[in-house]
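Presented sequentially are two complexes of subunit A, the first with subunit B as partner and the second with subunit C.
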Partner chain A sequence: MKDLKHLYYFEKLLEDANNDLVRQAKAEGRLALGYTCYHMPEVLLNLDGCFSVRLRAPRTGSMEIATYYMSNATCEYARALLERGLEGGYKFLDAMAGVDVCECMNRGMENMELLGVSDPEKKGFFWCNLDSPCSDDEDCVAHLREQLSRKILKPLYENYGIDVSDAAIRKAVERHNEICRLITEIGNFRKLDNPTITGYEFHILTLATYVCPKDLVVEKLRETLEELKTREPDPKKKFRAKVVVVGSEIDDPELISLIEDSGALVVADRFCYGSFPGRQEIVLTEDEDALTQVCRNYLQTTLCVRHCAQHKVQKRLDFAAELARDYHADGIIYEQIKFCTYWSYERALASHVMHNEYNIPTLSIDRPYMSRTSGQLRTRVQAFVESIEIKKIKAKKNREVK
Partner chain B sequence: MKYFGGCDVGSTYTKCVILDEAGKMVSDVTIRSRINSEISAKEALDQAVAKVDGLSGIGDLAYLIGTGYGRNKVPQAQENISEISCHAMGVHVVDPTVKAIIDIGGQDVKGIAIDQDGTVLNFAMNDKCAAGTGRFFEAMARAFECTLDEFSELSLSAKNVIPITAQCTVFAESEVITLVGEGKPRDEIAAGIQQSVAKRCFVMAKKAGAKDHITLTGGCAKNKGLKAAIENVLRIKVTELPVDPQLMGALGAAEYARQKGMEQE
Partner chain C sequence: MAYDPKTGKGLGDLYSAEHRCTKRREWKGLKDTLYDYGCWLRLLGMLGCKLGPVLPQFFRGLKRYRWLVSYITTPAFLDRHTIGLRGYELRYTHQQFYAVLQNSAGMIRDLLERDENLNPHSKKAAELRSKTVIFDEMMPIQIMNGFPTLKGIPIQMAPIFVVGEVDQQANIYYIDAIEHYGLASDVCPLPAAEAGCCVVDDYPKVGAAYVSSSMPCDGSVASTMYSNRYFKLPNYQITPPQRFNEPEVQEYAVKNLWGCVEFIEKQFNVKFDWDAFFEGVKRYNKESDYMIEKWDVNCTDYPQICGAALALHREYEMQIASSLDPKMCKYDAKVNKLMKKGYAHSVETDDKPRYRAIVWSCPAHYYSNFTYWAQNCWGIKTLVDMECMLAYHHYDEHDKKKVLVDMARGYERMTMRSHSNGGYVNALDECWKMCEKFNANIVFMYNHVSCKNFAGLQGLFEEQARERGIHLIWIEHDLMDPRTVSRKAMRDRVNRYMTTVFRAEPLDPTLVDYDDDLTW
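Moving on to the complex of A and B:
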């Protein structure tokens, strides 16, 4: 396929947390608010006058200092963020909106605060460690609402004078929804028999929407969507199988590239920093205040493995199977970043259930934060692709015999 | 007569097998891998081709498939297939009764369950760690100041097993040096090392779903002490293959090349 016109532009934006668009927005006087997790409602960090930056640590090398503070048996994502923070990579931020959702991120955030990774010159800077509920009933909604009001909206208003009114939240939701509509429409091209967008390209676009001010990427996204409407696919399919990737956070597009180089086109993404969930519209009514509705939306749409009630576990399994069906995938890759406690349980269970009960070929992998050089991973994915191909050939032969 | 090649570029050894139209192995070569996979593959292929009267160069092979870590660097190969699929096919060709493989290569350990037609039913593989691989044994032999062959036989005479607690290659080497320094019997330390690797193989075999009719492939399959330890841990007899187990990846690749080459006609 011909290269997407703006792909290089979007790739460049992912090379540094403090990228060109972040710097542009900061120069305009807006506040950059760092966050790490879906459980921090991104939309509330995008009120007029501020914008969200979901933190990444691109080009991570040694994590010795973070390992000293957190030990080597902790999630590399949390350690990479701490290391980058200690290197001074997040000094551009005006607040850090953390969530107490897992032990590793909790420790990472606590260390960042104690070790002073923020800019001391920023007098309005505030740290937040939000207590996010593990379920979605109305008590949980009320609890989350209280936490967000006190730990995010109040300091935004008091420290920086940001308008946190109901009208301001509704306006932020509208902006958020526009990005979601574009990403959804772009993602739908992955349902084609011969998709006109690769998983790598889609992940680049999606990631850009997490790490840049929304209003500054929207025009290029619109142009990309128009380009995709007429983009010619490769005459001969370059992939040998289609897969859904399900699992813990992936903010390294090189992992998707590695999977696709091994023959498996990634047609759907159910992982943190992906589009499911995260890039679906938030529908607000006039019957209730916007903040409560936002809280309910995030709690009900989350597919996070820390929600461990049985109906939530079942919902996640069904959703993965639905994605495989809707996007015509041949299999599912369950991935987990090393030392992620929640996903180590979910991956073991789900990969078994998917294979044995849903009859969907499943590959289960664990991986480091940066995995581009892993020969073992390439071999595993390629062998998985080959096994899918062989199953298809056998099924075809069986049909011919009948 | 047409000939078909399989070239397995591993991290420590590069293997090449050439088959004729009937599937008979007419040439095989094993050389130490160089840092450059392409050069390793070319050297092995050149040597293998030179052994066959009807061939004057790599280009004369009707179909060539690469496998192993350097699989995409094999010159003039029509395609590459993962070593997991190739080991399964290679073993199936030489002994169709085998249902599972423990493949211990230079830098990884794999458990592979084989279907009735030689394709892969399931597999499990270690991640980025050299524990229990060929590299591990090289480090252990170095610690004992002996050759790999001497090391592989050392544990067979042990009356006891001194457990090795470290899984990491670097720490295990350090632990072994300490034990040797303390004057512990060398054969019993060696038996401990073989047992620790055998346990790792047990995990891979079980993860892949292996139950019976298991064989060993890869360079470490020639390690007699390890074979004995695996039989002890798995509580079953490991099936001996009639062909060098280190060649199974290359043989599987050559067999796939033969099938694909014949299909093209």
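Moving on to the complex of A and C:
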């Protein structure tokens, strides 16, 4: 396929947390609010006068200092962020909106706070450790609402004078929804028999919406959507199987690239920093305040493994199967970043359940934070693709015999 | 002193690399050996009385459940914790452990008489099951004080938690099972073994409803997805807030806890009995008072109830016995009386410890007598253990609203959770506070290699200890899996520190290097 016009532009934006658009927005006097997790409602960090930056540590190499502080047995993502923070890579932030939902990320944030990675000149800077509940009933909604009001909205208003009114939240939701609509429409091209967008390209676009001020990428996303409507697919399919990738945090597009180079086209992205969940519209009604509705939305739509009530576990399994069906995938790759306890449990269980109960071929892998050079991963994906092909051939033969 | 410099014989000679049990019982002098032997007989008698009525199920259980076999070694478990002890300390330890073991034996009897696998056609067992709620093990079951007609059983406690302390090899099979299933080997082996026990179908089937929890760590939360699928019972999840130092979170905590009460009421068609509940609360308050007194004494120059006798007892009393067993209070009163006598004796003889230490982070289940080894070998007295510093605040004894808030706070400060959750202050700052309070300059810093929670603070602990001049002795272990770090490797860390930093001589050189990889 012909290269997407703005792909290189988006790729460049992902090379640095403090990228051109972040700097531009900062120069306009807006506040950059760092966060890491879906449990921190992104939309509340995008009120007028501020924008969210979902933290990444692109081009991470050594993590020696972070390893000293957090040992080598903790999640590399958390360590990479700490290392980048200690290097001064997040000094541009005006607040850090952390969540206390997984041990490693929580400790990573606490280390950043104690080791002083923020800019001491920023007098309004605040740290947050959000206590996000483990389920989604109305008591949980009320609890999350209280936490967000006290730990995010209050300091935003008091320290920076940001308008945190109901009207301001509704406006932020509208802007958020526009991005969601664009990403959803772009993502729908992955449902085609011969998709006109690759998983890598889609991941680049989605990632850009997480790490840049949304209003500054929206125009180029619109253009990309228009471009895709007329984009000609490759005459001959370049992939041998379609897969859904399900799992923990992936902010490294090279991993998707590695999977696709191994013959598996990624048609759905059900992972942290992916579009499921995160790029679905938030529907607000007028009969209840916007904040409560936002809290309910995030608690009900999260697919985080931390939610272990029976109905939530079942929902995640069903959802993965639904994605495989809707996006015509031949299999699912369950992945986890090494040392992620939650996903280790989910991955082991789901790889059996998906195969035995849903009859969907499943590959189960763990990976480092930066996995672009992993020969082992490449081999495993290639073997998975081959196994899918063999299954298809056998199924075809069986049909012919019948 | 158990070591005889003339003959060169000491406590290390009791162990043999080829045997699971010690070569012989320790000679503690006539009086103490007689006392020790008497306690040993009392333990056997108690086990006989408790398990006698379910003897047929017990023998069937030995064939059905791998973990049950390990309980045969219970007397050896007690012996391990009393090696080298004399006088009052020997007596405290026996009393404390007896209280725990009599309750554990009761729990095993409860499991055996209810279990559907062992009593498939028994109407009595079915009737008992219909009135039993099973709980995740890492939370107290204090709530059951309000349901006197029902039985609450922490389901993983006997098959995984306690047995891992009784026999260091007991959990290995379950850990291997879950790792073969696909779980990464870097996760905490406690919830891993619990999930493994599901995978190999080794839990007794004893209840009609299941209360799971989010305590105390990521592994514990995630393993409930396995137990939920395995037990296939109506389920409620208790999910206390993470940031429990904030007063604002208590409203949610109470609602969540009360949700559990309503769940049990609905499932079993019973009403929460406030009178019975307040009786339990009174017992809890008394137990906490006894605990605080033990701590207070240990802050003085003459600490009394130390090491595992202090830690395991408190952990067990709050988490498992959960004020449901009036006998626990009775034994507490007895120990308290004894402790006062012991303290007076120590003052009189000016019996001060050589070194004063506290234990921080989660200790190795497979080496619960580690602190006694440190005491016998190097004279390091362990004054308090992080694991036993659970909730100790008083619960209101009359007001329904207040007592629920108190209980919610108690659940939030459960084993491990009280320090590993709620932010770094509970782990870091609290450690230094305890060093000051207990006047200790050594911290046995258990480095549980699979615990991400404490691993995430490793560098900060190191730096802050240095600033404060505290001897932080890092001791690697893998909680339930002695293959990752053996008992010997744990001891070596202390040996190296004591010889290189303190330039100390061991009190008993035979304990410096011996092989106990095979022992229970």
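Rule of thumb we're sticking to: the second predicted complex is superposed on the first by the 402 of 402 C-alpha atoms of A that agree within 3 Å, B and C clash if a C-alpha of one lies under 4 Å from a C-alpha of the other, contacts with A are read in each partner's own complex, and residues count from 1 in each chain.
Operating definition for what follows: a residue touches a chain if its C-beta (ideal position, glycine included) is under 8 Å from a C-beta of that chain, and two chains touch if they have at least 3 such contacts.
A quick note: this is a predicted structure, and the numbers were derived from the prediction, not measured.
By the document's definition of touching, of the two partners only subunit B reaches A:I390; subunit C does not. Touch criterion met: A:E110 reaches subunit C, while subunit B stays clear of it.
Contacts of A:D366 after superposition on the shared chain: both subunit B and subunit C are touched. Ranking subunit B and subunit C by residues of subunit A touched puts C first. Look at A:Y358: by the touch rule set out above, it reaches neither subunit B nor subunit C.
In the superposition on chain A, A:R380 makes contact with subunit B only, not with subunit C. Overlap of the subunit B and subunit C interfaces on subunit A comprises residues 366. By the touch rule above, subunit B contacts subunit A in their complex via residues 69, 81-85, 107-108, 119-120, 123, 125-128.
Residue ranges of subunit C in contact with subunit A, taken from their complex: 178, 181-184, 186-188, 195, 212, 214, 217-219, 221-226, 228-229, 235, 237, 239, 241-243, 246, 248-249, 251-252, 255-256, 259, 420, 423-424, 449-450, 452-453, 455-460. Looking at the complex, you find that subunit A touches subunit B at residues 366-368, 374-377, 379-380, 382-383, 386-387, 390, 394. Subunit A makes touch with subunit C in their complex at residues 68-71, 73-75, 78, 100-104, 106-108, 110-111, 114, 129, 131-135, 139-140, 142-143, 146-147, 150, 305-306, 308-310, 313, 336, 338-339, 341-342, 344-349, 351-352, 364, 366.
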